[in-house]
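Take this structure, written in structure tokens, and hold onto it; I'll ask about it next.
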């Protein structure tokens, strides 16, 4: 049905304007020369310069990046294992508890996750810093990874694994040589999701960070509590640009892979005909 | 052997870093406030063995929970969180449905791009998306500049630091969660159903009400829960866009913990918040289950 | 029907079976998938497990591959109990219904996959893969990925991948199910050719009776987890042991009646006021017991006049005529309302029909044409 009405066109235009205008304004005003953020006083990139001279922001960015890389990598390993256990593990003691613990953090309010982890770290006397943030981020993002990976595993043709066993693989080799290469796209998107969640997280990081480690969101939050600032506008613009470039590249790459695959399949059909 | 290891590693990770911390929260919510480190009693002294454990259990009580009912700050905060969550979920549905509908009816070649445009904001920082509204809604912000400039209003409106700003922030940040499930059900819908309805005498509007809306019901329900559940415990939006009169439980918990350093009360607040959340979560699960069963047929 | 006449180890009591099932039962919860099966399969056999979906044939095969464990009973391969052997250590290989070709590997790497697991030296692997590619005539496509070849080619890669390891026993799960009819027929002969060349024992699972009849040296017909009949295709077709087998294999008329046993002959009272049917039979049945006569349509003669000297002759009228090109099938309604099918070969090109709708005709067959069955 191609009844593209005015109503639909209006809904889409207004909807996407609503989604994108605020960020567009933010980006435009990051190039504003003046200190007064709401009054345009000429194009300038001076706030970007200020930003790169601000040691505190650079330190926080570095901490955030380290935390994100470590936590998303560990979370991907654990989350993939958890997904495999959920989909292929069969029955074992406490399976219901296990799947409950995988899904619960997805709906748990961040304030509670943060609070409970902080109380644990204090309870066992672990000093708060990069390590505690990594542990906290790993825990909640591994659940997201396992949801992404398990939805891929559900549609995975089990006979591929059986064929590998049949041809002499141990179960571990079957996973390493057959399952993992095939589900790799899901594992990679799980990693990306874990990475962005970690980059993005304010609440859990606030609870679990110590004075020695401040992440970028914590820094941004304490700055913007006082109001809009041109430096934060510049920083936000940079972060938006990085994400946009990343997401668009990823989608183009996967689109090209799909097109190539379709072309190959059509060639195969033609070769037979 | 290897299978046991593959199960054990994520299992124990979650036990240690999800279940145990939660049990600690539960335990502290039953303890008393103390000016000490840690700022609560009793603490479990394992050196005293079983007797120590019994003494520890005996010292736990529901005092903090009774305190929550006596101070009206707390129950007002819970009620106001629920109210804000309900209203903003409804507003998100009103904004999101037409967008999802427009996407599902758009040309097939366009749909992947539109879908990506909906998902893209989800990947950008939540904090920045909330922050972007501060500049728009403030007293001297872009919206007031525009409205005054157009002569619609003479005095700038106060929007930032009110509940209105909180609603706008929630609708804006959670919109993709509403659009995606509704779009998924609408996109699957067989277009010939609408043609059949019109053939049988429905007007376009009544065909929409009698066919499209009921068929997208599961998407609407899923979208509403996906917005409602995280909104209740929301912290960033009320603290950046809301004012001092904006009461939301996530913010109260944060302040109880960081400003008042009252850990037992903060823990009790968290426990009650979870109890409130259990109901919508179960309903949401049931909706998902029913949808899966319907698709299985 | 295709196996050489002299190859029949199952008739030789001294022959040792390659596979022996003894009292094998498999339950999934309350559901019994395999019910107390005893079965011998011999070396170099092309053995078909035939039955409708859900009859347990795939479970039986998966127990041989090692993906399912029998709940009770013993499965021996070459006299060894295989229960404790995991699938990756078994001298059997399986060709999956979906082919299960690894999508991320080229055809060459797919075929070499099992050989690498055996730690075979590189040069020997290469030689073996080339040999296999040649066997299935896919040399020009060796470096392609599975999605870059056709369905029929994928089927051959899957076969080559299993054969590369030179298994004692090759298991094929509905190997031709995904191919269209014409390609399936060609491939059946290719399979038989390859089986003969390599001398491997094949066990094939199929629901397609024609396929089983074409390729197999012996066929086991299964129903609800039990083996109903295990015999050569010709024996299954000509002397089914039950109406279930007769009905499952090919087209058949089944007439129910009461037994009136004679000496080596069974009289069947099948309708009031009609002469008894007679069929050659050694069954010892009480007079009046329920008995069935199964008669294939191509063995029923159709004529305008009552034939002289036929053991069985019944009158009826033509209800329907199905012209199938090479043959025509007449549906003839008997006075009692039962419909009997009779087939005639169309040997002349001009469609000259002797009979048409509503014609009164006679159907006749000899005493040995039909099979008398107890159940």
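Points to keep in mind about this one:
First chain written, first letter: the chains are A, B and C, and each begins at residue 1.
The criterion applied here is as follows: a residue touches a chain if its C-beta (ideal position, glycine included) is under 8 Å from a C-beta of that chain, and two chains touch if they have at least 3 such contacts.
Owing to the predicted nature of the structure, the values given are computational and were not obtained by experimental measurement.
The most centrally placed chain, judged by C-alpha centroids, is A.
When chain pairs are compared by their number of contacting C-beta pairs, A-B comes first. Inter-chain spacing, taken between the CA centroids of chain B and chain C, is 60 Å.
Averaged Cα coordinates give chain A a centre that lies 54 Å from the centre of chain C. Mean C-alpha position of chain A lies 18 Å from that of chain B. On the side of chain B, the complex with chain A involves touching residues 2-3, 6-7, 9-11, 13-15, 17-22, 24-25, 28, 38, 95, 98-99, 101-103, 105-107, 112, 114, 116-121, 123-129, 131-136, 138, 140-142, 145, 172, 175, 191, 194-195, 229-230, 232-236, 239-240, 250, 253-254, 257, 263, 266-267, 270, 273-274, 277, 281. Chain contact summary for the complex, chain C toward chain A: residues 65-67, 86-90, 92-94, 96-98, 100, 102-104, 113-114, 117-118, 145, 147-153, 161-162, 165.
Across the complex, chain B is touched by residues 1-5, 7-9, 11-12, 15-16, 18-20, 22-23, 25-26, 29, 37-38, 78-79, 81-82, 84-85, 89, 92, 94, 97-98, 101-102, 104-105, 107-112, 115-117, 119-120, 122-123, 135-136, 138-139, 142, 146, 171-172, 196, 199-200, 202-203, 207, 217, 220-221, 224-225, 227-228, 232-233, 236, 239-240, 243-244, 246-248, 251, 255 of chain A. Contact residues of chain A toward chain C in the complex are 157, 159-160, 162-170, 173, 177-178, 181-182, 261, 264-265, 267-269, 271-272.
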